[in-house]
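The next block holds one structure in the form of C-alpha coordinates; read it before the comments.
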Amino acid sequence: MTIKPYKHTVQYYETDRMGFAHHSNYIRWMEEVRSDFFDQIKWPYVKTEEMGIISPVVSLECKYKHPTTYADVVSIEISVEEVKRAKFRVSYVMKNQNGDLVCEAASEHCFLDKAGNIVRMDKQFPEFYADMLNLIKQ
Amino acid sequence: MTIKPYKHTVQYYETDRMGFAHHSNYIRWMEEVRSDFFDQIKWPYVKTEEMGIISPVVSLECKYKHPTTYADVVSIEISVEEVKRAKFRVSYVMKNQNGDLVCEAASEHCFLDKAGNIVRMDKQFPEFYADMLNLIKQ
Amino acid sequence: MTIKPYKHTVQYYETDRMGFAHHSNYIRWMEEVRSDFFDQIKWPYVKTEEMGIISPVVSLECKYKHPTTYADVVSIEISVEEVKRAKFRVSYVMKNQNGDLVCEAASEHCFLDKAGNIVRMDKQFPEFYADMLNLIKQ
Amino acid sequence: MTIKPYKHTVQYYETDRMGFAHHSNYIRWMEEVRSDFFDQIKWPYVKTEEMGIISPVVSLECKYKHPTTYADVVSIEISVEEVKRAKFRVSYVMKNQNGDLVCEAASEHCFLDKAGNIVRMDKQFPEFYADMLNLIKQ
(Lines give C-alpha, C1' and ligand atoms only; values in the text may rest on other atoms or scores of the structure.)
Protein backbone atom coordinates (compact mmCIF):
# COMPACT_ATOMS: atom_id res chain seq x y z
CA MET A 1 0.00 0.00 0.00
CA THR A 2 1.23 3.47 -0.89
CA ILE A 3 0.42 6.38 1.40
CA LYS A 4 -0.32 9.61 -0.46
CA PRO A 5 1.46 12.70 0.85
CA TYR A 6 -0.69 15.12 2.84
CA LYS A 7 -0.85 18.76 1.79
CA HIS A 8 -1.14 21.64 4.23
CA THR A 9 -1.62 25.24 3.06
CA VAL A 10 0.05 27.60 5.51
CA GLN A 11 -2.49 29.97 7.02
CA TYR A 12 -1.93 33.61 7.86
CA TYR A 13 -2.67 32.92 11.55
CA GLU A 14 0.14 30.35 11.55
CA THR A 15 2.78 32.99 10.79
CA ASP A 16 4.58 35.00 13.45
CA ARG A 17 6.26 38.39 13.36
CA MET A 18 9.47 36.90 11.94
CA GLY A 19 7.26 36.52 8.85
CA PHE A 20 7.33 32.72 8.87
CA ALA A 21 5.09 29.88 10.03
CA HIS A 22 5.67 29.52 13.77
CA HIS A 23 7.63 26.35 14.57
CA SER A 24 4.89 25.02 16.88
CA ASN A 25 2.54 24.66 13.93
CA TYR A 26 4.69 21.96 12.32
CA ILE A 27 3.84 19.81 15.34
CA ARG A 28 0.15 20.37 14.57
CA TRP A 29 0.66 19.54 10.88
CA MET A 30 2.21 16.24 12.00
CA GLU A 31 -1.07 15.47 13.73
CA GLU A 32 -3.02 16.38 10.57
CA VAL A 33 -0.81 13.96 8.66
CA ARG A 34 -1.41 11.13 11.14
CA SER A 35 -5.16 11.76 10.98
CA ASP A 36 -5.03 11.54 7.18
CA PHE A 37 -2.74 8.48 7.36
CA PHE A 38 -5.15 6.56 9.61
CA ASP A 39 -7.98 7.46 7.21
CA GLN A 40 -5.92 6.16 4.28
CA ILE A 41 -5.17 2.82 5.98
CA LYS A 42 -8.86 2.49 6.95
CA TRP A 43 -8.32 2.86 10.70
CA PRO A 44 -9.74 6.36 11.17
CA TYR A 45 -8.79 7.84 14.50
CA VAL A 46 -12.44 8.69 15.20
CA LYS A 47 -13.19 4.94 15.26
CA THR A 48 -10.19 4.10 17.42
CA GLU A 49 -11.47 6.66 19.92
CA GLU A 50 -14.96 5.17 19.74
CA MET A 51 -13.40 1.81 20.69
CA GLY A 52 -12.07 3.58 23.78
CA ILE A 53 -8.46 3.84 22.64
CA ILE A 54 -6.44 7.05 22.58
CA SER A 55 -2.97 7.38 21.15
CA PRO A 56 -1.04 10.19 22.84
CA VAL A 57 2.35 11.46 21.71
CA VAL A 58 5.14 10.02 23.85
CA SER A 59 8.01 11.92 22.24
CA LEU A 60 8.85 13.95 19.19
CA GLU A 61 11.81 15.43 17.37
CA CYS A 62 11.80 18.11 14.73
CA LYS A 63 14.53 19.61 12.54
CA TYR A 64 13.64 22.87 10.82
CA LYS A 65 15.49 23.17 7.51
CA HIS A 66 13.86 26.04 5.64
CA PRO A 67 11.15 28.51 6.65
CA THR A 68 7.62 28.46 5.25
CA THR A 69 5.10 31.26 5.20
CA TYR A 70 1.51 32.23 4.39
CA ALA A 71 0.09 30.55 1.26
CA ASP A 72 2.94 28.03 0.97
CA VAL A 73 1.73 24.51 0.27
CA VAL A 74 3.62 21.98 2.38
CA SER A 75 3.61 18.41 1.16
CA ILE A 76 4.24 15.91 3.96
CA GLU A 77 5.24 12.27 3.61
CA ILE A 78 4.78 9.98 6.57
CA SER A 79 6.64 6.67 7.07
CA VAL A 80 6.12 4.00 9.70
CA GLU A 81 9.52 3.49 11.31
CA GLU A 82 8.82 1.03 14.09
CA VAL A 83 5.85 -0.89 15.46
CA LYS A 84 6.00 -2.46 18.92
CA ARG A 85 3.25 -4.15 20.86
CA ALA A 86 2.19 -0.95 22.58
CA LYS A 87 4.05 1.76 20.71
CA PHE A 88 4.77 2.96 17.22
CA ARG A 89 7.12 5.48 15.66
CA VAL A 90 6.52 7.47 12.49
CA SER A 91 8.70 9.95 10.62
CA TYR A 92 7.79 12.92 8.46
CA VAL A 93 9.46 14.67 5.54
CA MET A 94 8.01 18.08 4.66
CA LYS A 95 8.67 19.89 1.39
CA ASN A 96 7.36 23.19 0.08
CA GLN A 97 5.76 23.80 -3.34
CA ASN A 98 9.25 24.23 -4.87
CA GLY A 99 10.42 20.87 -3.57
CA ASP A 100 12.68 22.38 -0.90
CA LEU A 101 13.02 20.30 2.24
CA VAL A 102 11.47 22.39 5.03
CA CYS A 103 11.32 20.01 7.99
CA GLU A 104 12.23 16.48 9.07
CA ALA A 105 10.50 15.08 12.11
CA ALA A 106 9.48 11.96 13.99
CA SER A 107 7.01 11.09 16.73
CA GLU A 108 6.37 8.13 19.00
CA HIS A 109 2.93 7.14 20.25
CA CYS A 110 1.49 4.62 22.65
CA PHE A 111 -2.05 3.30 23.01
CA LEU A 112 -4.06 3.83 26.16
CA ASP A 113 -7.55 2.80 27.20
CA LYS A 114 -9.89 5.20 28.96
CA ALA A 115 -8.51 4.20 32.37
CA GLY A 116 -5.04 5.23 31.18
CA ASN A 117 -3.73 1.65 30.93
CA ILE A 118 -1.39 0.70 28.10
CA VAL A 119 -3.13 -1.32 25.40
CA ARG A 120 -1.22 -4.22 23.78
CA MET A 121 -2.11 -3.78 20.11
CA ASP A 122 -0.88 -7.26 19.10
CA LYS A 123 -3.38 -8.89 21.48
CA GLN A 124 -6.31 -6.49 21.52
CA PHE A 125 -6.18 -5.21 17.94
CA PRO A 126 -4.21 -7.87 16.00
CA GLU A 127 -5.51 -6.69 12.60
CA PHE A 128 -4.48 -3.11 13.20
CA TYR A 129 -1.13 -4.34 14.53
CA ALA A 130 -0.57 -6.47 11.40
CA ASP A 131 -1.53 -3.58 9.10
CA MET A 132 0.91 -1.26 10.83
CA LEU A 133 3.72 -3.86 10.69
CA ASN A 134 3.16 -4.24 6.95
CA LEU A 135 3.63 -0.51 6.47
CA ILE A 136 7.13 -0.39 7.96
CA LYS A 137 9.50 1.32 5.57
CA GLN A 138 11.94 -1.22 4.05
CA MET B 1 -16.76 42.91 45.63
CA THR B 2 -14.16 44.37 43.26
CA ILE B 3 -12.77 42.22 40.47
CA LYS B 4 -9.06 42.79 39.84
CA PRO B 5 -8.07 43.26 36.18
CA TYR B 6 -6.34 40.29 34.58
CA LYS B 7 -2.97 40.78 32.93
CA HIS B 8 -1.85 38.93 29.81
CA THR B 9 1.67 39.27 28.41
CA VAL B 10 1.57 38.93 24.63
CA GLN B 11 3.67 35.96 23.52
CA TYR B 12 5.81 35.78 20.40
CA TYR B 13 3.74 32.86 19.08
CA GLU B 14 0.63 35.05 19.33
CA THR B 15 1.95 37.51 16.74
CA ASP B 16 1.43 37.15 12.99
CA ARG B 17 3.38 38.44 10.03
CA MET B 18 1.67 41.84 10.21
CA GLY B 19 3.83 42.14 13.32
CA PHE B 20 0.88 42.25 15.74
CA ALA B 21 -0.97 39.83 18.02
CA HIS B 22 -3.36 37.88 15.78
CA HIS B 23 -6.97 38.91 16.37
CA SER B 24 -8.05 35.35 17.28
CA ASN B 25 -5.89 35.48 20.40
CA TYR B 26 -8.02 38.20 21.99
CA ILE B 27 -10.84 35.64 22.05
CA ARG B 28 -8.53 33.31 23.99
CA TRP B 29 -7.53 36.08 26.39
CA MET B 30 -11.25 36.61 27.10
CA GLU B 31 -11.37 32.99 28.23
CA GLU B 32 -8.30 33.51 30.45
CA VAL B 33 -10.10 36.48 32.00
CA ARG B 34 -13.27 34.47 32.70
CA SER B 35 -11.19 31.70 34.26
CA ASP B 36 -9.51 34.24 36.54
CA PHE B 37 -12.86 35.94 37.24
CA PHE B 38 -14.48 32.68 38.39
CA ASP B 39 -11.46 32.04 40.62
CA GLN B 40 -11.82 35.52 42.13
CA ILE B 41 -15.52 35.07 42.91
CA LYS B 42 -14.77 31.62 44.39
CA TRP B 43 -16.58 29.63 41.71
CA PRO B 44 -13.56 28.18 39.91
CA TYR B 45 -14.48 26.72 36.55
CA VAL B 46 -12.71 23.47 37.45
CA LYS B 47 -15.32 22.94 40.19
CA THR B 48 -18.25 23.84 37.97
CA GLU B 49 -17.02 21.21 35.52
CA GLU B 50 -16.68 18.67 38.33
CA MET B 51 -20.36 19.33 39.16
CA GLY B 52 -21.08 18.33 35.56
CA ILE B 53 -21.77 21.82 34.24
CA ILE B 54 -20.09 23.35 31.21
CA SER B 55 -20.51 26.91 30.08
CA PRO B 56 -19.99 27.26 26.32
CA VAL B 57 -19.82 30.56 24.48
CA VAL B 58 -23.12 31.36 22.76
CA SER B 59 -22.01 34.54 21.03
CA LEU B 60 -19.26 37.13 21.06
CA GLU B 61 -18.42 40.53 19.68
CA CYS B 62 -15.05 42.17 19.49
CA LYS B 63 -13.89 45.63 18.42
CA TYR B 64 -10.18 46.00 17.76
CA LYS B 65 -9.05 49.54 18.55
CA HIS B 66 -5.26 49.45 18.60
CA PRO B 67 -2.77 46.67 17.80
CA THR B 68 -0.68 44.88 20.43
CA THR B 69 2.51 42.94 19.92
CA TYR B 70 5.09 40.67 21.58
CA ALA B 71 5.94 41.63 25.18
CA ASP B 72 3.01 44.04 25.53
CA VAL B 73 1.16 43.64 28.81
CA VAL B 74 -2.57 43.78 28.26
CA SER B 75 -4.71 44.62 31.27
CA ILE B 76 -8.27 43.34 30.94
CA GLU B 77 -11.29 44.41 32.98
CA ILE B 78 -14.34 42.18 32.97
CA SER B 79 -17.88 43.33 33.87
CA VAL B 80 -21.03 41.30 34.34
CA GLU B 81 -23.60 42.89 32.00
CA GLU B 82 -26.60 40.61 32.36
CA VAL B 83 -27.56 37.47 34.28
CA LYS B 84 -30.54 35.40 33.24
CA ARG B 85 -31.69 32.06 34.55
CA ALA B 86 -29.70 30.08 32.02
CA LYS B 87 -27.44 32.67 30.44
CA PHE B 88 -25.05 35.46 31.32
CA ARG B 89 -23.29 38.20 29.42
CA VAL B 90 -19.94 39.75 30.29
CA SER B 91 -17.98 42.58 28.67
CA TYR B 92 -14.25 43.22 28.48
CA VAL B 93 -12.13 46.35 28.20
CA MET B 94 -8.49 45.74 27.25
CA LYS B 95 -5.73 48.31 27.64
CA ASN B 96 -2.02 48.08 26.92
CA GLN B 97 0.79 49.06 29.33
CA ASN B 98 0.48 52.70 28.20
CA GLY B 99 -3.22 52.82 29.02
CA ASP B 100 -4.29 52.81 25.35
CA LEU B 101 -7.59 51.09 24.70
CA VAL B 102 -6.76 48.08 22.52
CA CYS B 103 -10.01 46.12 22.42
CA GLU B 104 -13.64 46.16 23.59
CA ALA B 105 -15.52 42.91 23.60
CA ALA B 106 -18.44 40.97 25.04
CA SER B 107 -19.48 37.33 25.25
CA GLU B 108 -22.62 35.43 26.15
CA HIS B 109 -22.62 32.01 27.80
CA CYS B 110 -25.18 29.42 28.75
CA PHE B 111 -24.95 26.49 31.16
CA LEU B 112 -25.30 22.92 30.01
CA ASP B 113 -25.22 19.60 31.82
CA LYS B 114 -23.33 16.61 30.44
CA ALA B 115 -26.34 15.52 28.40
CA GLY B 116 -26.35 18.92 26.70
CA ASN B 117 -29.49 20.15 28.47
CA ILE B 118 -29.76 23.76 29.56
CA VAL B 119 -29.24 24.22 33.29
CA ARG B 120 -31.42 26.75 35.14
CA MET B 121 -28.89 28.42 37.43
CA ASP B 122 -31.53 30.08 39.64
CA LYS B 123 -32.97 26.66 40.56
CA GLN B 124 -29.97 24.34 40.48
CA PHE B 125 -27.24 26.73 41.67
CA PRO B 126 -29.08 29.54 43.48
CA GLU B 127 -25.98 30.71 45.35
CA PHE B 128 -23.94 31.06 42.19
CA TYR B 129 -26.90 32.80 40.54
CA ALA B 130 -27.19 35.26 43.43
CA ASP B 131 -23.46 35.96 43.39
CA MET B 132 -23.53 36.68 39.67
CA LEU B 133 -26.58 38.96 40.01
CA ASN B 134 -24.78 40.95 42.71
CA LEU B 135 -21.88 41.55 40.35
CA ILE B 136 -23.93 43.28 37.67
CA LYS B 137 -22.39 46.60 36.76
CA GLN B 138 -24.54 49.48 38.05
CA MET C 1 -19.55 35.63 -10.11
CA THR C 2 -20.36 32.83 -7.68
CA ILE C 3 -18.09 32.23 -4.72
CA LYS C 4 -17.64 28.55 -3.89
CA PRO C 5 -18.04 27.63 -0.22
CA TYR C 6 -14.80 26.89 1.63
CA LYS C 7 -14.43 23.60 3.47
CA HIS C 8 -12.53 23.19 6.73
CA THR C 9 -11.95 19.78 8.31
CA VAL C 10 -11.88 20.16 12.10
CA GLN C 11 -8.51 19.05 13.46
CA TYR C 12 -7.93 17.19 16.72
CA TYR C 13 -5.79 20.05 18.04
CA GLU C 14 -8.74 22.40 17.51
CA THR C 15 -10.89 20.55 20.05
CA ASP C 16 -10.92 21.32 23.77
CA ARG C 17 -11.78 19.23 26.79
CA MET C 18 -15.52 19.89 26.35
CA GLY C 19 -15.00 17.60 23.35
CA PHE C 20 -15.79 20.29 20.76
CA ALA C 21 -13.86 22.64 18.49
CA HIS C 22 -12.79 25.58 20.66
CA HIS C 23 -14.76 28.72 19.80
CA SER C 24 -11.59 30.73 19.01
CA ASN C 25 -10.92 28.48 16.02
CA TYR C 26 -14.02 29.67 14.18
CA ILE C 27 -12.37 33.11 14.06
CA ARG C 28 -9.36 31.45 12.37
CA TRP C 29 -11.59 29.60 9.90
CA MET C 30 -13.10 32.97 8.95
CA GLU C 31 -9.59 34.07 7.97
CA GLU C 32 -9.11 30.88 5.93
CA VAL C 33 -12.35 31.69 4.14
CA ARG C 34 -11.28 35.26 3.33
CA SER C 35 -7.95 33.99 2.03
CA ASP C 36 -9.76 31.54 -0.26
CA PHE C 37 -12.29 34.25 -1.24
CA PHE C 38 -9.55 36.68 -2.34
CA ASP C 39 -7.96 33.85 -4.34
CA GLN C 40 -11.31 33.15 -6.02
CA ILE C 41 -11.86 36.79 -7.01
CA LYS C 42 -8.24 36.98 -8.30
CA TRP C 43 -7.03 39.39 -5.65
CA PRO C 44 -4.89 37.00 -3.59
CA TYR C 45 -3.96 38.45 -0.23
CA VAL C 46 -0.30 37.63 -0.85
CA LYS C 47 -0.33 40.14 -3.73
CA THR C 48 -2.17 42.81 -1.75
CA GLU C 49 0.54 42.49 0.90
CA GLU C 50 3.24 42.74 -1.78
CA MET C 51 1.64 46.03 -2.84
CA GLY C 52 2.16 47.18 0.73
CA ILE C 53 -1.45 46.91 1.85
CA ILE C 54 -2.64 45.02 4.92
CA SER C 55 -6.23 44.46 5.85
CA PRO C 56 -6.63 44.03 9.60
CA VAL C 57 -9.86 43.02 11.32
CA VAL C 58 -11.64 46.03 12.79
CA SER C 59 -14.49 44.16 14.43
CA LEU C 60 -16.21 40.80 14.45
CA GLU C 61 -19.32 39.08 15.73
CA CYS C 62 -19.95 35.39 16.05
CA LYS C 63 -23.01 33.36 17.02
CA TYR C 64 -22.36 29.73 17.90
CA LYS C 65 -25.37 27.61 17.01
CA HIS C 66 -24.23 23.99 17.18
CA PRO C 67 -20.93 22.44 18.28
CA THR C 68 -18.46 20.83 15.87
CA THR C 69 -15.74 18.35 16.67
CA TYR C 70 -12.75 16.42 15.28
CA ALA C 71 -13.21 15.17 11.69
CA ASP C 72 -16.32 17.28 11.06
CA VAL C 73 -16.25 19.02 7.69
CA VAL C 74 -17.47 22.59 8.00
CA SER C 75 -18.69 24.26 4.82
CA ILE C 76 -18.47 28.05 5.00
CA GLU C 77 -20.21 30.55 2.73
CA ILE C 78 -18.94 34.10 2.66
CA SER C 79 -20.98 37.12 1.49
CA VAL C 80 -19.89 40.70 0.93
CA GLU C 81 -22.27 42.82 3.00
CA GLU C 82 -20.90 46.32 2.59
CA VAL C 83 -18.05 48.04 0.76
CA LYS C 84 -16.96 51.53 1.72
CA ARG C 85 -14.02 53.51 0.47
CA ALA C 86 -11.72 52.27 3.19
CA LYS C 87 -13.66 49.45 4.82
CA PHE C 88 -15.60 46.32 3.95
CA ARG C 89 -17.86 43.96 5.82
CA VAL C 90 -18.34 40.26 5.09
CA SER C 91 -20.60 37.67 6.70
CA TYR C 92 -20.19 33.92 7.09
CA VAL C 93 -22.60 31.01 7.36
CA MET C 94 -21.06 27.75 8.55
CA LYS C 95 -22.73 24.36 8.22
CA ASN C 96 -21.52 20.90 9.17
CA GLN C 97 -21.51 17.82 6.90
CA ASN C 98 -25.15 17.14 7.85
CA GLY C 99 -26.26 20.60 6.79
CA ASP C 100 -26.78 21.82 10.38
CA LEU C 101 -26.10 25.50 10.90
CA VAL C 102 -23.11 25.65 13.27
CA CYS C 103 -22.13 29.32 13.26
CA GLU C 104 -23.13 32.72 11.86
CA ALA C 105 -20.54 35.46 11.89
CA ALA C 106 -19.41 38.73 10.37
CA SER C 107 -16.21 40.75 10.25
CA GLU C 108 -15.21 44.26 9.25
CA HIS C 109 -11.84 45.14 7.76
CA CYS C 110 -10.00 48.28 6.78
CA PHE C 111 -6.99 48.77 4.50
CA LEU C 112 -3.74 50.18 5.80
CA ASP C 113 -0.42 50.94 4.16
CA LYS C 114 2.87 50.02 5.80
CA ALA C 115 2.96 53.32 7.68
CA GLY C 116 -0.41 52.45 9.24
CA ASN C 117 -2.34 55.04 7.22
CA ILE C 118 -5.82 54.22 5.96
CA VAL C 119 -5.88 53.42 2.24
CA ARG C 120 -8.82 54.71 0.14
CA MET C 121 -9.59 51.72 -2.08
CA ASP C 122 -11.76 53.67 -4.51
CA LYS C 123 -8.83 55.96 -5.35
CA GLN C 124 -5.80 53.76 -4.96
CA PHE C 125 -7.24 50.42 -6.09
CA PRO C 126 -10.32 51.31 -8.16
CA GLU C 127 -10.47 47.90 -9.89
CA PHE C 128 -10.42 46.02 -6.61
CA TYR C 129 -13.01 48.43 -5.23
CA ALA C 130 -15.28 47.89 -8.25
CA ASP C 131 -14.90 44.09 -8.00
CA MET C 132 -15.84 44.15 -4.34
CA LEU C 133 -18.86 46.40 -4.96
CA ASN C 134 -20.09 43.99 -7.64
CA LEU C 135 -19.99 41.15 -5.14
CA ILE C 136 -22.37 42.76 -2.65
CA LYS C 137 -25.18 40.39 -1.81
CA GLN C 138 -28.47 41.55 -3.37
CA MET D 1 23.45 33.79 38.35
CA THR D 2 20.41 31.67 39.14
CA ILE D 3 17.56 31.52 36.68
CA LYS D 4 14.15 31.41 38.32
CA PRO D 5 11.76 28.76 36.98
CA TYR D 6 8.97 30.05 34.77
CA LYS D 7 5.36 29.22 35.64
CA HIS D 8 2.68 28.58 33.07
CA THR D 9 -0.96 28.07 34.04
CA VAL D 10 -2.61 25.68 31.59
CA GLN D 11 -5.50 27.41 29.81
CA TYR D 12 -8.78 25.80 28.84
CA TYR D 13 -8.10 26.54 25.16
CA GLU D 14 -4.86 24.57 25.45
CA THR D 15 -6.68 21.32 26.24
CA ASP D 16 -7.94 18.90 23.60
CA ARG D 17 -10.72 16.34 23.61
CA MET D 18 -8.49 13.75 25.32
CA GLY D 19 -8.95 16.11 28.28
CA PHE D 20 -5.28 17.12 28.44
CA ALA D 21 -3.11 20.00 27.28
CA HIS D 22 -2.38 19.38 23.59
CA HIS D 23 1.25 18.37 23.06
CA SER D 24 1.91 21.27 20.64
CA ASN D 25 1.41 23.75 23.47
CA TYR D 26 4.50 22.53 25.34
CA ILE D 27 6.51 23.82 22.36
CA ARG D 28 4.89 27.22 22.89
CA TRP D 29 5.61 27.13 26.62
CA MET D 30 9.27 26.54 25.76
CA GLU D 31 9.18 29.84 23.87
CA GLU D 32 7.57 31.57 26.85
CA VAL D 33 10.39 30.23 29.00
CA ARG D 34 13.10 31.52 26.63
CA SER D 35 11.43 34.93 26.55
CA ASP D 36 11.44 35.03 30.35
CA PHE D 37 15.03 33.70 30.45
CA PHE D 38 16.31 36.44 28.14
CA ASP D 39 14.53 39.00 30.32
CA GLN D 40 16.17 37.53 33.44
CA ILE D 41 19.68 37.68 31.95
CA LYS D 42 19.01 41.27 30.76
CA TRP D 43 19.04 40.46 27.04
CA PRO D 44 15.32 40.81 26.33
CA TYR D 45 14.37 39.35 22.99
CA VAL D 46 12.58 42.57 22.04
CA LYS D 47 15.98 44.34 22.13
CA THR D 48 17.75 41.61 20.17
CA GLU D 49 15.10 42.00 17.49
CA GLU D 50 15.54 45.78 17.51
CA MET D 51 19.25 45.17 16.82
CA GLY D 52 18.10 43.24 13.74
CA ILE D 53 18.81 39.77 15.09
CA ILE D 54 16.28 36.93 15.12
CA SER D 55 16.84 33.59 16.73
CA PRO D 56 14.78 30.86 15.03
CA VAL D 57 14.46 27.31 16.32
CA VAL D 58 16.75 24.93 14.41
CA SER D 59 15.64 21.73 16.10
CA LEU D 60 13.74 20.48 19.11
CA GLU D 61 13.05 17.30 21.03
CA CYS D 62 10.32 16.68 23.53
CA LYS D 63 9.51 13.76 25.81
CA TYR D 64 6.04 13.75 27.31
CA LYS D 65 6.07 12.05 30.71
CA HIS D 66 2.76 12.88 32.34
CA PRO D 67 -0.31 14.75 31.08
CA THR D 68 -1.33 18.21 32.27
CA THR D 69 -4.74 19.82 32.05
CA TYR D 70 -6.70 23.04 32.57
CA ALA D 71 -5.68 25.01 35.69
CA ASP D 72 -2.50 23.00 36.26
CA VAL D 73 0.49 25.19 37.07
CA VAL D 74 3.56 23.99 35.19
CA SER D 75 6.92 25.07 36.57
CA ILE D 76 9.64 25.05 33.91
CA GLU D 77 13.40 25.13 34.51
CA ILE D 78 15.64 26.10 31.62
CA SER D 79 19.35 25.21 31.37
CA VAL D 80 21.93 26.36 28.85
CA GLU D 81 23.47 23.16 27.48
CA GLU D 82 25.80 24.40 24.78
CA VAL D 83 26.90 27.74 23.30
CA LYS D 84 28.65 27.89 19.95
CA ARG D 85 29.60 30.92 17.90
CA ALA D 86 26.35 30.94 15.97
CA LYS D 87 24.16 28.47 17.84
CA PHE D 88 22.99 27.59 21.32
CA ARG D 89 21.15 24.70 22.89
CA VAL D 90 18.90 24.88 25.94
CA SER D 91 17.01 22.16 27.82
CA TYR D 92 13.78 22.29 29.78
CA VAL D 93 12.40 20.32 32.72
CA MET D 94 8.68 20.80 33.34
CA LYS D 95 6.92 19.79 36.57
CA ASN D 96 3.31 20.17 37.62
CA GLN D 97 2.09 21.69 40.91
CA ASN D 98 2.56 18.30 42.65
CA GLY D 99 6.19 18.06 41.58
CA ASP D 100 5.53 15.36 38.99
CA LEU D 101 7.80 15.46 35.96
CA VAL D 102 5.54 16.24 33.00
CA CYS D 103 7.96 16.90 30.16
CA GLU D 104 11.66 16.98 29.28
CA ALA D 105 12.69 18.90 26.21
CA ALA D 106 15.51 20.69 24.41
CA SER D 107 15.81 23.19 21.58
CA GLU D 108 18.60 24.52 19.39
CA HIS D 109 18.67 28.03 17.99
CA CYS D 110 20.83 30.02 15.62
CA PHE D 111 21.12 33.76 15.11
CA LEU D 112 20.24 35.40 11.83
CA ASP D 113 20.31 38.99 10.63
CA LYS D 114 17.47 40.49 8.63
CA ALA D 115 19.00 39.28 5.36
CA GLY D 116 18.92 35.72 6.71
CA ASN D 117 22.70 35.49 7.19
CA ILE D 118 24.11 33.66 10.19
CA VAL D 119 25.37 36.01 12.88
CA ARG D 120 28.59 35.09 14.73
CA MET D 121 27.71 35.98 18.31
CA ASP D 122 31.31 35.84 19.56
CA LYS D 123 32.31 38.58 17.11
CA GLN D 124 29.21 40.72 16.79
CA PHE D 125 27.79 40.40 20.31
CA PRO D 126 30.77 39.34 22.48
CA GLU D 127 29.07 40.41 25.73
CA PHE D 128 25.96 38.37 25.03
CA TYR D 129 28.16 35.45 23.97
CA ALA D 130 30.18 35.65 27.21
CA ASP D 131 27.01 35.86 29.32
CA MET D 132 25.58 32.78 27.62
CA LEU D 133 28.84 30.82 28.06
CA ASN D 134 28.82 31.66 31.77
CA LEU D 135 25.36 30.18 32.12
CA ILE D 136 26.31 26.72 30.84
CA LYS D 137 25.19 24.09 33.29
CA GLN D 138 28.19 22.53 35.07
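Some notes on this structure:
Every chain is named by a letter (A, B, C and D) in the order it is written, and numbering of its residues begins at 1.
Methods note: a residue touches a chain if its C-beta (ideal position, glycine included) is under 8 Å from a C-beta of that chain, and two chains touch if they have at least 3 such contacts.
All values derive from a computational prediction rather than experimental measurement.
At the interface between subunit A and subunit B, over half of the residue numbers involved are used by both copies, so each side presents largely the same positions. For subunit B, the chain with the farthest CA centroid is A. Per-chain Cα centroids separate subunit B from subunit C by 24 Å. Taking each chain's centre as the mean of its C-alpha atoms, subunit A lies 34 Å from subunit B. In whole angstrom, the spacing between the mean C-alpha positions of subunit A and subunit C is 29. Listed for subunit A are residues 12-13, 18, 20, 24, 28, 31, 70, each touching two or more other chains.
Within the complex, the subunit D residues that touch subunit A are 18, 20, 23-25, 27-28, 31, 54, 56-64, 67.
Residues 11-13, 28, 31-32, 35, 44-46, 70-71 of subunit A touch subunit C in their complex. Taken together, the subunit B residues at the contact with subunit A in this complex read 12-13, 15-20, 22, 24, 69-70.
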